[in-house]
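Chain nomenclature is as follows: A, B, C and D, assigned in order of appearance, with residue numbering initiated at 1 for each chain independently.
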Amino acid sequence: MRQYASIHTDLALEAHAAAVKTDWDQQGVQVDTQEFAGGTVTRVRVLDARGAARMGKPPGNYITIEAPGLRQHDVELREQVGQILAEELKSLLPPLDKSSVTLVVGLGNWHVTPDSLGPLVIEELLVTRHLFEYAPEHVDEGMRSVCALAPGVLGITGIETSDIIAGVVEKVQPAIIIAIDALAALSIERLGTTIQIADTGINPGSGVGNKRHALNRETLGVPVIAIGVPSVVYANTIVLDAMQKLTASLRAAAGQGTNVGEVLRDLSREEQGQLVHEVLNPFWGNLIVTPKEIDEQIRQMSKVIAGGLNVALQPGLESSDTLKYLQ
Amino acid sequence: MRQYASIHTDLALEAHAAAVKTDWDQQGVQVDTQEFAGGTVTRVRVLDARGAARMGKPPGNYITIEAPGLRQHDVELREQVGQILAEELKSLLPPLDKSSVTLVVGLGNWHVTPDSLGPLVIEELLVTRHLFEYAPEHVDEGMRSVCALAPGVLGITGIETSDIIAGVVEKVQPAIIIAIDALAALSIERLGTTIQIADTGINPGSGVGNKRHALNRETLGVPVIAIGVPSVVYANTIVLDAMQKLTASLRAAAGQGTNVGEVLRDLSREEQGQLVHEVLNPFWGNLIVTPKEIDEQIRQMSKVIAGGLNVALQPGLESSDTLKYLQ
Amino acid sequence: MRQYASIHTDLALEAHAAAVKTDWDQQGVQVDTQEFAGGTVTRVRVLDARGAARMGKPPGNYITIEAPGLRQHDVELREQVGQILAEELKSLLPPLDKSSVTLVVGLGNWHVTPDSLGPLVIEELLVTRHLFEYAPEHVDEGMRSVCALAPGVLGITGIETSDIIAGVVEKVQPAIIIAIDALAALSIERLGTTIQIADTGINPGSGVGNKRHALNRETLGVPVIAIGVPSVVYANTIVLDAMQKLTASLRAAAGQGTNVGEVLRDLSREEQGQLVHEVLNPFWGNLIVTPKEIDEQIRQMSKVIAGGLNVALQPGLESSDTLKYLQ
Amino acid sequence: MRQYASIHTDLALEAHAAAVKTDWDQQGVQVDTQEFAGGTVTRVRVLDARGAARMGKPPGNYITIEAPGLRQHDVELREQVGQILAEELKSLLPPLDKSSVTLVVGLGNWHVTPDSLGPLVIEELLVTRHLFEYAPEHVDEGMRSVCALAPGVLGITGIETSDIIAGVVEKVQPAIIIAIDALAALSIERLGTTIQIADTGINPGSGVGNKRHALNRETLGVPVIAIGVPSVVYANTIVLDAMQKLTASLRAAAGQGTNVGEVLRDLSREEQGQLVHEVLNPFWGNLIVTPKEIDEQIRQMSKVIAGGLNVALQPGLESSDTLKYLQ
C-alpha cells in the first residue's frame, strides 16, 4: 500500500489489512478470527521472513482484541475484555512457577495524557515481588512474583528507556517482561476499543512517544510480550485518508472517457505529501487526533489492562482476593 | 464562505478572514493591526448589525494577540504577552474602584485537558475579595476586590453553568465578569499561540465543551469580558481543509480544456460532508486535533492569562508583590 | 469536659462520649447502638435545647457508622458500608419524587489532600438533573434528579461557600441538600473508619478547612443533610491527649500521701495550653495529624460515600445500572 | 539522649543538637555557622568514627540551610535559597567536564504528598544527557550532561530502589549521583524551611517512606550527594516532646522538698513509651504531622531545589537560558 508509506501503524491487524489490499498472496502469514459477544479476537501469526517483509512486523504472534463497546461505559464488557486479555496473554506466557519473576514495564509519559497508559497500568497492578523477598509468609499458594517499572521517557530522564529497563533486568532477572504502551493507529474507530498483544516485544519507532530503541529478546535477553492500546491517530494519517477518499470519489464520478483519472494519479503521488504538510503546518508529525474524552478513556482502559494482567499473572487469586492485595 | 458553514471558529479574527475572502465590502467592521516584537495585536470592532451578520459575532470589540513563539518555551515572550494582555484588558474594563468587585469565571472541565484552561487560570489567580471582607487592614492602596469561580460543566454538575454563575452574581454583585475559556480554532497554527479578548461575553455554542447558554450583559445583568485561547481544532475542520486544498490543487493542475473543474465543483458541494463523515466515523464532531504537548501548553498558557489578569486587576501591585499575595 | 474546651470535634459521637464522662444526667439526648458484622451504627438524637447545650450540637439526628476495617483494603466491607450509608441516609431523606431535585455539595479544597473528600465525591457521583432537563426520554422509571457542586473554599474563590450555594439553590430549587465534608476528629482511630450523617446540616466552625458559615435549613431555606468523614486530628488534640494521659498516670503512681496530685492539678489548668503552644510552635492550630496513606484513604472513602449516595438517591437502579449511567 | 532513642531524625543538625545536650565533648565533629539575610547555613563536619558514633551519622559533610521565611510565600527568598543551595552543592561536587554525567535521583512516592518531593524535583529539572547523545550540535559551551530518574518506592514497584538505581548506574556511568528525598524531622519548625545537603549519600532507614537500603559510594560505586527537605514530623516525636515538656514543667513547679521529681523520673522511663503508644493507637509509627498546606509547600520547595540544581549543574547558563531549556 504505497500511499501509506509515510503513515505509521503499530497494529499488526492494520498492517495485515493494508497488505491484503495490495497483494493477495498470503504466504508467510496465518490469520484466525474468533467472535465473542462484544467483539472479535484476531490472531495474526507472522511465520517467516516473507510474512515479516509483507507485514513490516517481525515473525511472531499478534493477537488483537476488538470491542467497539469499550467506547461506551459498559462495565460488564470491560470485565469480559479483561478476562479475554488474561486468557490470550496466558497463551503467550512461558510456564511461571514460584521462583519466576515477571517484570511489567509501563512505557510512556505521565504528563502527556494519550501517552500515559503504561504508567497508569503500573499504578493499578498487583505487585508482589517484595512480599516474596521480605514477607514470604504472606505469600499464598498460587501467587506469582510480579514487579513493575514506569521508566519515563527520554525527554524527561535523558536516559534511553531501553537502558533503564536493561539495568533493572540485570538486577531482577525476570523470566518474562510485559511492556505496556499506548499506540498510534491508522483508524480512528480503534481508539480505546482495541488491545494488541504481541510476543515479539516493542520494536523501533513504535508508540505514541516514538520510542526509539527495541525492547525484545535480542536486546534484553528475556522474552518480551507487548500489550498496546491505540490512543491516538496521527493527524497526517487522517488528512491523507481524507485526500484518498476524495480522490476515490472523484475517480468514480469522473467516468472513463475523461482525463480526470490521470490528473488525479499524477497529483496524488507528487503533491499529496506537500498538501498534508500545508494543512498541518507548523506542527506536522506532532499533531494527534483524539476523542475529547481521552483522559477518561485512558483511565478506564488502564483498569481493563491491569485487571487482565492480575488475573493472568496470579493464578491462585479470585477477584476479591485480587482486590485485597491491591493498594 | 459557504463550505465552512459546518465548521466552527470561536475567533473573530478567523471569522473576519473568512468573511473577507467572500465579500470585499467591509462596512460594519473596523480592523486595526499593531505589531510588537513577538507578534501582532489585531483589534476587530464589529460596529453594527450588518457587521455582526457578516462576522457571525455580536457587535463589540474583539482583540486578538498572536505570538507564534508561545509554542516554544520562551519565558520572556510569555511575560511580554501577559503584559500586553493586561494593557488590552484594561482598555475594555470599566473604571474599578475599591468598592467594585471583579468576578473571574474559569469555564471548562478540569478532567478534559484541552478544556481545562479556565479552571487552571482560577488556580493561579490572585483572589482578594475575602481580604476586603474579613481583613480590610491587610488591603493595600491600589488593590482591587477580585473573586473567582470554576463552575464545572453541565455533564459533571447537572446544572447549567449560566445558572451557577447567575446565582453567584446575585450574591457577589460584581461590577464586571471576566470569563476564561478554551476555544476551538480553524487553524492549527493558532493552537497555544493566540489570545482573544472580547467585550461581548460568551455566546451560545462556543468553547471546546460546547457550552450552550450565553454569558453576557443580557443574561447576567453585568458586562462580561471573555478571554479565550484556542486549544483544539476540531478534526472535521482539518479534514475539510485537506479536501479543499486538494481540490484547489487539482483544479490548478487540470487546466481549462478539461472537465476536471466541473467534476470537482459538483463533488465538493454534495459529497464533501459525507466524506468527512466517513473519515471521522464513529466519532465525528467529538474528535479533536491537538499537539502532543497539550497538557504542558495549557499549563503554561494558564500562567500567562493569570499573570495578565493580576497585572490588569491589581493596579497597585508590582510583580514581586503580586507573588507575595499569591497562594 | 473543661480540658477539652480548646479542642474541636465535628463528631456527635465524640461530643456525647465527652459529655457522658462529666455528666451522667442524660436527659435531652437519646442514644441507640446497633452492631453489624464489620462495625457499629450509633444513632444519637439530640431532643431539645438541654441536650443541645450538653452536646454542643443543635437538636437533630446524628448517625455514626464505624467500621475499623475500612483502614485495610477490604472491598467487601466498603460495599457493605456503602449499603448501610444508603439505608441510614434514606431514613433521613424527605420523600423524593420525579419532580424533586437533590443538590449534593462537595465542600473542601481539591488541593489540600485531607480536605478533598467533598470534591472527590462529586466526581464519582451519578448526576442526572441535566438528563431530566434535556433528555427526559433517557430517564428511566425510578431515577431521581440529582445535581452537584464543588464550590471551592474561601481562600481560593474569595466568596463565602455559603453564598455560592445559596445562589445555586435559588436557581435549582432543590428539595434537599446533601453536603459532604472532611471532618476533624478527636481520636485518631476514627481516621478513615467513621462516617457521620446529620440532618442538622453544617454548622459554623466545623470541617478541616474551618468553614465559617452555617449551611442549614435556616440559612438556605432547604433541609441540609451533612455527611462527614474524619480525615485529620488536629495536632493540638494529640498533644493535649498525651499530656492528659501522662498526668493521669502520674496521679495514679503518686499515691495519696503526696503533693503530686496538687502540683498536677495546678499545672494542668494553667500551663497546658502554653505547653501545647510550645510544642507546636510556629504552626499551632494549622498542624494536622494524618496517616501517611491519607491520599489513598481519602480516594477510597470518596468511592464509598458516592456509592452510598447513588444507591440512596436512585431507587430504581441496580448496581450495574448505576455504573452504566456513571460519567 | 536516651529518651529520644526511639525517635528518628534525618537531619545532622538535629542529631548534633541532641548530642550537644548530653555530651559537651565535641571531638570528632566540626561545626561552622554562617548567617545570611533570610537565615543560616550550618556546616557540620563529622571527622571520624568518634564523631560518627556520637552523631549517629557517617563521617562526611552535612550542610544545612535554614530559612524560616520559606513558610511564607516569599519569592525572593526562594530564589536566594536556590542560589545558596547551588553554591553549597558546588562545594561538594567533584569537578565536572563535558564528558561527566550527573544522575539526579528523585526518591519517594508520587502518590503520598509529603513523600513526593523527589519525583517533583525530577519534573522541574533541566535534563540534557539526551542532547549530548543525540543532538550534540545543540549543546552549548558550559552545559553539563544531566540525567534523572524517579524510581518509585518498593511498595509500588516490588523492586528495591537501590537495585533500580544500581542497574541504571551501570548503563549511564555517572560521575556523581545526587539523590533528592523528603525527610522526617524532630522539630516542626523545620517543616518546609530547611534543606540538608550531605556528601555521605542516603543511609538505611532514612526518609519519609522508610527506604531500607543505602545509596552511597560503597553500594553504588559512585559518590552520592543527598539533598533532603523535612516534610513531616512523626506523630510519636511530637507526643514524646509534649510529655517531656510537661515533665520538665512539673519538675520545675514541684520544688525540691517533694517527691514529685522521683515520681516523674520513674514514670518517664518506664511508661512514656507505652503512653505514646496509647495516644497513637492503632496507627503508631505511621502517623505523620504536617501543616495543612503541605501540598503547596512541597510543590514550592521542589522548585527551589530544582532551581538550585540547575544553577549548580549548568555553569554556562544564565537564569533566562535555564528556563529556555526547561520543559
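Everything that follows uses one rule, which is that a contact is a pair of C-beta atoms (placed from the backbone, for glycine too) under 8 Å apart; a residue touches a chain by one contact, two chains touch by 3 or more.
What you see is a predicted model, and the numbers here were worked out from it, not measured in a lab.
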Original post:
Looking at C-D and B-C, which pair shares more C-beta contacts?
Top reply: C-D
Subject >> Per Cα centroids, the chain farthest from chain B >> reply: D
**OP:** Take the average of all CA coordinates in chain C, do the same for chain D, and state the distance between these two points in whole angstrom.
**Re:** 36
Original post:
So how far apart, in whole Å, are chain B and chain C when each is placed at the average of its C-alpha atoms?
Top reply: 41
Original post:
So which bits of chain C are touching at least two other chains?
Top reply: 111, 296
**OP:** Going by the contact rule at the top, pick out the chain A residues touching chain D in the complex.
**Re:** 111, 122-123, 127-131, 145-150, 152, 154-159, 163-164, 166-172, 327
Original post:
Which residues of chain A touch chain B in their complex?
Top reply: 68, 71, 111-115, 188-189, 191, 208, 235, 238-239, 241-243, 245-247, 249-250, 253-254, 258-260, 263-264, 266-267, 271-272, 275-276, 278-283, 286-296
